[in-house]
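In the two complexes that follow, subunit A is the common piece, with subunit B as its partner first and subunit C second.
Take a look at the complex of A and B:
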């Protein structure tokens, strides 16, 4: 699993490439916390290259959402792959996290 | 009466042979030239053992009376196995099979899945079988054994007649053989493989009259006549039993292997710095406890399905706990977010993750445990589904490219009996060029050595001593390539360098050697009852490079998992002119032998060598060259041309005139 981020005009884009599972989930949480601490509270997690997510990965994503909200911002997700989409629907988390088509779209209207 | 004479000659062969070889070891070795003396005496000992095993085979030579009439209600499936053979050939065989008189169903087992063949089969009302969808591309196909195993699952006859695509059966093949199965212990009836496209001189040594004769009849006497892949009838029940026993054995083996690997997999997972969460550690504890318990149950003789089921249940429960923990943490986060009232959470408050979602997230494919690959691999292997094979039950053995011998040996080990019926009931096509013939011989030899290395008959439980030695005898003959090299080297070394592997060529030598040699030849003559065995003797020596290649490739395959370089024997003649390159090693050896003979005679003339030694070794060279001369005829052989008046009239087999 590889993480990277890029600060855009109105948000920071975090890319999570690989499998978001029990082993990599804590790292995502850490990574996003650092990005928030760095001053960005509007986060888009780009899941374009995240082929798989398990319950730990989902937990980490919600944990990151909480951290962003606590910092007065928001966390959104984009470019969701089929398996991840299934997990989100199955757990009703798609009601919490709207999956945007691309990272640019996520904060376009806010 | 013949039996008495055969046994007498066997006894004489053993006496004279042991007398000669014992003297060779004890009193004749030229230790100054140990580097040739020792290999030679080992090669001679090898040959003595070979002859003794042959003697043992013919000791119990069994000449059977006709089989009793078959049970009228016996159901039979006739299988014609094909991969890429000419469609005309397959259909000729299939239509002949259709005309077999005993009621039966005829099936074409087309491993090439050719639509044209399917259409032909349908047109003639023949069964047509291809691999089921279970045989996905990532699973081993097991060539002909796989083809037959697949067909066994799609048909249901009590007995199976197996025919290669070129083996045209006689209409009475079942009437003459099924009756043997009235004995409920009989699992196999093998009939000879005879080739109709071979001239009387048999330049490629295609007919095997010694094997489909005294050797199989002798093995039959020891209840060890074995399956040769075609022209044989098998009892389905025996095959299925074999498949089930094999399934249980393989499953237990893979479960044991998985359990043995589990400890280090768990240790590795614990060590990996990534896993710090206490919950993960708990799951690993649970997995460890479950595998330890499984190990204990296995030792106590518990049922494999229950053991693996319990492991799975226990691990599933632990995984579900893990997922539940993730979900409740997530739920708590959501509630905190809602409490912050910084933004709305969803449309209708905090969503709740349903129980079946938790169950789904805990399933094998989405399980968090998947992140620990080594542990997941162990758990996957703790199953009874045999996911590494297309079908859990594989009745025909798949440990060798010659599935036939391996299958027969396993049947015998389980107490089944076999019959060799000595009457030609099918006519096949032999290779018509040296290259194809060499490919075929290589394949047989490789397969036999694979069986020797994977399931050595000498240590197989369930086989009687005689049966063990009968199987071993066949394997032993394939080691002859190494002995041949020494037999070629010894006269060359003497004639060129004057080094004799024996201390002296004296009266002591001849009085022991000559009786053995003479009795040995008499044994073949008596046991063979006038059948031509010379061609076979020639090829067993002349094809030494093939035998050596077979041994080395099979050993590399079994011990190091390297591919055999396996090829299906083409039934059609390979085109092109004479291919001398195929026998390059033999040409080199022959030239060396001839040069050595000339040099030896020159050395004799100039007083450097003694007359007796030179005479014996030149005679030896001439013998070797005569043996090897068959290869010249083989290379120049242009394929079979039927004589003006064929001995057997080919019956009309194509009623539609297609």
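Take a look at the complex of A and C:
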């Protein structure tokens, strides 16, 4: 899995490309923690190119959300693909991790 | 007090039989000759008798508390004492006290952590037995996981109940548990996040907690207190567990259940319709303040409740395809055992990356039940 990020006007966009599983989950946490430590507490994780997520991957997203909230900000996800959407719905985590169509929309209204 | 032989001995003092079994297993694999005690005073006697090199001591014991046990032990033993506690806040208080223990570990612990702490202690007292722990952690995790499954078949009048479990090579955190009650049965079906020994130990904790709440009459209250206990344990490991817990009233066919983030239980009717039961809230430990409503379903004669792990789901492109495949696999079979086998076969062993688990509770058709 490859990570990258870009600081936009009102948020930082993190891209996570590949499979979000037990191997890559801790790396995503570390990556997002670093971005938050760098001063961005409004994070959009762009999942456009995340084709697969397992329970460890979901755990990493939850951990990142907690970290962003703790830093006084928020974490939102965008461009969620079908398998990831399915995992979020089955686990009822779609009510906690808000999904947006695109990264731009995530913080548009606040 | 170095023992004459090269064999290291350990005594496990722990009242929860599941956790005790795990500790015994983990220490045995690390090369210890292990004996156990389920309470404080018997534990002190066991240490007096065995003269061990290591004692693991649970803080909360049914007779006298762990700190008292520790004081008693220190009167005659210089064994390393590792104290275990389920509460992280207790840990802070304990480490500030000079109470004679050598190490403190909070539950749930990873065996790797336990091993490395013990190894660090024994570096001061090296032993030839240390090398004999040569089996992989994965093999031990598999044993732990297998030990959580019900040992006996369950017989409820008018019902046919079966469960099957196939571990993956990497060992996930699946397990199911059931037991008979005067009304019918209690069923727990869970999947802990992640893989390996960490997931297996979390599963063990969940099993113990869910069993301990079985006596409470109200499912809502029982689940709320159980989930609270589990979440406290999970908090330190940043993990979570999906949990489906059901209670069957055999006479009426009513199943009351709570689904925390599982979402893969199906009601398959005798007429061929299948309905998936959506989860009522997030997995336990995933999100603070979560609540899980109790739901009910009526099992008519010929109906089945089928609970499946996500290892089967992974084979399909969508939940709809999954539901349809499970429905078909359930329908064509004449026993719960055969249905479980057919569902398990949907995820071929060669390709499945995760554990695969299934439980089928089938209410017998009226003519068969008579």
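We adopt the following convention: the second predicted complex is superposed on the first by the 110 of 110 C-alpha atoms of A that agree within 3 Å, B and C clash if a C-alpha of one lies under 4 Å from a C-alpha of the other, contacts with A are read in each partner's own complex, and residues count from 1 in each chain.
Methods note: contacts are C-beta pairs under 8 Å (C-beta built on N, C-alpha and C of every residue); 3 or more make two chains touch, one makes a residue touch a chain.
Values in this document were obtained by computation on a predicted structure and should not be read as measured data.
In the superposed model, A:72 makes contact with subunit B only, not with subunit C.
In the superposed model, A:22 makes contact with both subunit B and subunit C. Legend: residue contacts after superposition of the two complexes on their common chain; A:55 is shown touching both subunit B and subunit C.
In the superposed model, more residues of subunit A are touched by B than by the other of subunit B and subunit C.
Looking at the shared chain after the overlay, A:8 reaches neither subunit B nor subunit C.
Once the two complexes are overlaid on the shared chain, A:85 sits clear of subunit B and of subunit C alike. Overlaid on A, the two complexes show subunit B and subunit C touching the same residues of subunit A, namely 22, 54-56, 58-59, 62-63, 90-93, 95-96. Within the complex, the subunit A residues that touch subunit B are 19, 21-24, 26, 54-56, 58-59, 62-63, 65-66, 69-70, 72, 74, 83, 87, 90-93, 95-96.
Residue ranges of subunit B in contact with subunit A, taken from their complex: 272, 274-277, 280, 322-323, 326-327, 329-330, 333-334, 336-337, 340, 342-343, 345-348, 351-354, 357-358, 360-362, 366-372. Residues 191, 193-195, 238-240, 242, 261-264, 278-283, 286-287, 310, 313, 317-319, 354 of subunit C touch subunit A in their complex. Across the interface of their complex, subunit C is touched by residues 22, 54-56, 58-59, 62-63, 82, 86, 89-93, 95-96 of subunit A.
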